[in-house]
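Each of the two complexes below includes chain A, the first together with chain B, the second together with chain C.
This part shows the complex of A and B:
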């Protein structure tokens, strides 16, 4: 079974082998201050808002607030929809990433730019665009409505559609990058030994890019979990049906800032827990595969 | 590992994307300070926080006020009154607050943010339906039909609270399919034809033009909201702020407001 770890790529720095790693700073002595100072500012900038959240948190009333504000419904909905969006993104996004990285056809760069557009598009604009396409009056949605009686807006399925639209490009970009930097020689070797293209993809390429696929899926899931703009625009806001955690936080802010802080904390804890768990399991060198 | 830097790059992309999602008050006072005018008009810059339902009228009033006082510059932040009230009590740099409900103004006054608010307008509710009225809504009771898709404002913002009291007055139960953040968002869902009806302010229906049609709510069950306005204690240009409030309450201001469908206080 071909594994990248057994190839010992020449780019690996000396002294870094297996699970035993040393940072650059260890090797060269210390971090130079022109890097250390801005890095410290960046850390402070990214963490201070979270400190503000923790300082304002209504710790004593937390359980009561969470029960009263319907946070559990919103949390369940968020976890279900973000996970569904991730599964859909992997199913359709990995093949697209392969096409973008490996297939040769005119207009490939243009296609790549178009399908990753949601990365830079304001999510609210994405939501409006989804309405124009899949809404009750949209050019596809009106037929869904007339022929099948399906209307996506204001349904849980609509939430998943909005989250997938915004989050899938994160997976595509990550997996495509991995495919482009992966060693083509192994694929060629498999083909030489008689493997059919799809077998090569399944048995050689996929295991090769496994860690990146997981990283992309985690990013995709995190983005879907935090999705706000496209969801509230396309799927609306109704507790238990389309009100995910970010929407619940926004609504709570109108009425009771304490409840908004409490909901935010739950989202923060869940995100950290899941990211840490996946990182521990999949992304650490030596523990993956 | 070779994969790790890639994952880090992707994390960077995520963070950049998230920064782009911030909800900021719109408008920027602009770079250059206004040139001192030769006329004895007022000068300075103020930020006016106003309910979303005042977007059209206050934008017009701001323009005419600036035209009359070339040294003055007014920036608006429109949004749900409850959210604006929270921003003000949390220290947002606002000079004037015009709220769509007494409750949100009271929250600011209680926090020491404003004195002596004055009611300058009233607004009633109306049913908005798409121009082709797909669900054939002709009366308030039609909203209680199960197949009718209704958008309402969420109960914490004034237009949601007032709609709830209209339904209570009429003795009907309406099951909305979405609870929108403010009156404009509710109206947008009607405009796009995604819902069969929405309950918003009379002024919103008027402002939407031909895209939506209004279905009147009988006066005996209709409810409304009163709009108080106040100069904020934290204002750094209190004189200019007071002049703008006086202008809103003047005959000229009242005529702009009544043309948009607002009722006199």
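This part shows the complex of A and C:
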């Protein structure tokens, strides 16, 4: 979990991190083989599929395949919907994280468990649930349809709803963790200085959990980008409307494996970029502020 | 809960009158205190005495179980009337022990925080903050982040931030505890100036008697949630009311009963007797030299400075010292320029002698010794009992 950024004391000599790592290695010596062997298997298992993807990639025709397969449409739709889902998650998820971390009311633990349920729920189940809540004949969806003429399933808005449902808990969990470990003493100090709770939230709490909020938003965005099960169940697979990258990959695999590999490469590149951003935030808190 | 007694704008500072009762689990804090505008009250006590709880109720970070808190015409808390003004509406300046500066704001914006929180425009808030930094000699730190400050600098900034909020009451929680010895000395001098410049009442919580003596006009000693002594620094230093205070100020303290007013003989509760004829063995007053007038059976406290006791390895000649008793050396501790000898006996005592004397006498733990003290060095005064709720 990312922690609130703190400036490293200016007196700390550079390179101390390296020195400490070396001293730990000196103490522990070599890795015992009962640990080393399974670890190597795990590394191979995690990396070899990616190698397979790179070996199989149609490097020469890559630009042509991407254009012809409608990948750009899917990529654009994915980026737009994932970003929209992230914005919605931040807008509603941060206040909920605050409530879960700070407010005192009965049933808070239960609420926390329910809210984070989509983390462990199979996404396809989420999609079915969304269908029966927000679908045309769902208990909310029928009213949306009758009163406002709003239909969510099989629309781009439906994609955003499905992605938000699955991805928002990642943001909530990350931000709530940061809020719990944030120093309440600063809130007290702000109160004695005449700051009302919302002013304190805006001027003190939010800036301090900034790095965690960014980490949570990136996680949320990445999860939304890769969302498959809930999206295909709730929003379907209409090219240009609801067909996001993962859906396009799945469909391409059946008739044009080269296109599937090309699309997968694009997602791989995006994932690596996200990972790089997260590592920057998590491994060097404070330096990137 | 209702808000009450809050007028808009800065009110002229008023006196603090507080009758504090807080129940916290099995712990009960009971303290009554009054601090005049411009006056500094030090709350002195060991860890767990309730000092910080007292401070938090005054700051509005915790409500009273019973009693009331008033500053000037403002009622901040009145458990009986259901009034509680939260910290945000009290205009109370708090310097926390760990400073609690906002790490993401510059020093200037930390000091400007309270004006900004109260709706002052940024430029004006920053200008006023810059004035405060100027006044406290901190102007060159304005653009820095708190993480780049030394402990002493952070402490000054915390004080500047509290003063800049235009408080009606200033509260300082162990303001010097986190500083190294040299910085502490330096800041203590400054703090004294700033406290005397502050027009409202100030309260300083500390476990350091020196800090209390130097910075405060009056000292309130808190032990286990009860006020055990209130008085001027001189009063507390010379006539400690409890063992804790006596140890803090480096005195031997014995509760006892007056058995002979003529010879001023006191039977000590812990065993032994002492003749008390010391200067200041008087009624109660700080500065008046009231003659020692007591009746047999009066409860008294007897103090004796460790430096006023002599140690002998043989029975001393019957001479001028009226107090002679025996004991066994329990331990020796080297202080900077002298040796403190703990002697078990009736009464037990701490005795300060020179290292040379230790060598001459070949003092070792377990050795029997005679102790002597002149009656004029022994001071007795009435034991008033716990002074809780009676400042």
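Simple rule for what comes next: the second predicted complex is superposed on the first by the 234 of 289 C-alpha atoms of A that agree within 3 Å, B and C clash if a C-alpha of one lies under 4 Å from a C-alpha of the other, contacts with A are read in each partner's own complex, and residues count from 1 in each chain.
Everything below uses one rule, namely that a contact is a pair of C-beta atoms (placed from the backbone, for glycine too) under 8 Å apart; a residue touches a chain by one contact, two chains touch by 3 or more.
No experiment lies behind these values; they were computed from the predicted model shown.
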item: First (chain B), second (chain C), both or neither touched by A:207; value: second
item: Dominant contact partner of chain A by residue count, chain C or chain B; value: B
item: Partner chain in contact with A:70 - chain B first, chain C second, else both or neither; value: neither
item: Contacts of A:253 with chain B and chain C, given as first, second, both or neither; value: first
item: Touching partner for A:222 - first (chain B), second (chain C), both, neither; value: first
item: Which superposed partner A:185 touches (first chain B, second chain C, both, neither); value: second
item: Touching partner for A:199 - first (chain B), second (chain C), both, neither; value: second
item: Intersection of the chain A residues that touch chain B with those that touch chain C; value: 9
item: Chain A partner contacts - residues on chain C that touch it in the complex; value: 59-61, 86-94, 96, 98, 100-104, 113-114, 116-118, 145, 147-148, 161-162, 165
item: Residue numbers on chain A that touch chain B, as the complex places them; value: 4, 9, 11, 46, 119-120, 122-123, 131, 135-137, 153-154, 170, 173-174, 177-178, 181, 211-212, 215-216, 219, 222-223, 226, 228-229, 232, 236-239, 242, 250-251, 253-255, 257, 283, 285
item: Residue numbers on chain A that touch chain C, as the complex places them; value: 6-7, 9-10, 183, 185-186, 188-196, 199, 203-204, 207-208, 210
item: Footprint of chain A on chain B - complex, ascending; value: 1-4, 6-7, 9-11, 13-15, 17-18, 20-21, 80, 82-83, 86, 149, 151, 154, 156-157, 176-181, 189, 192-195
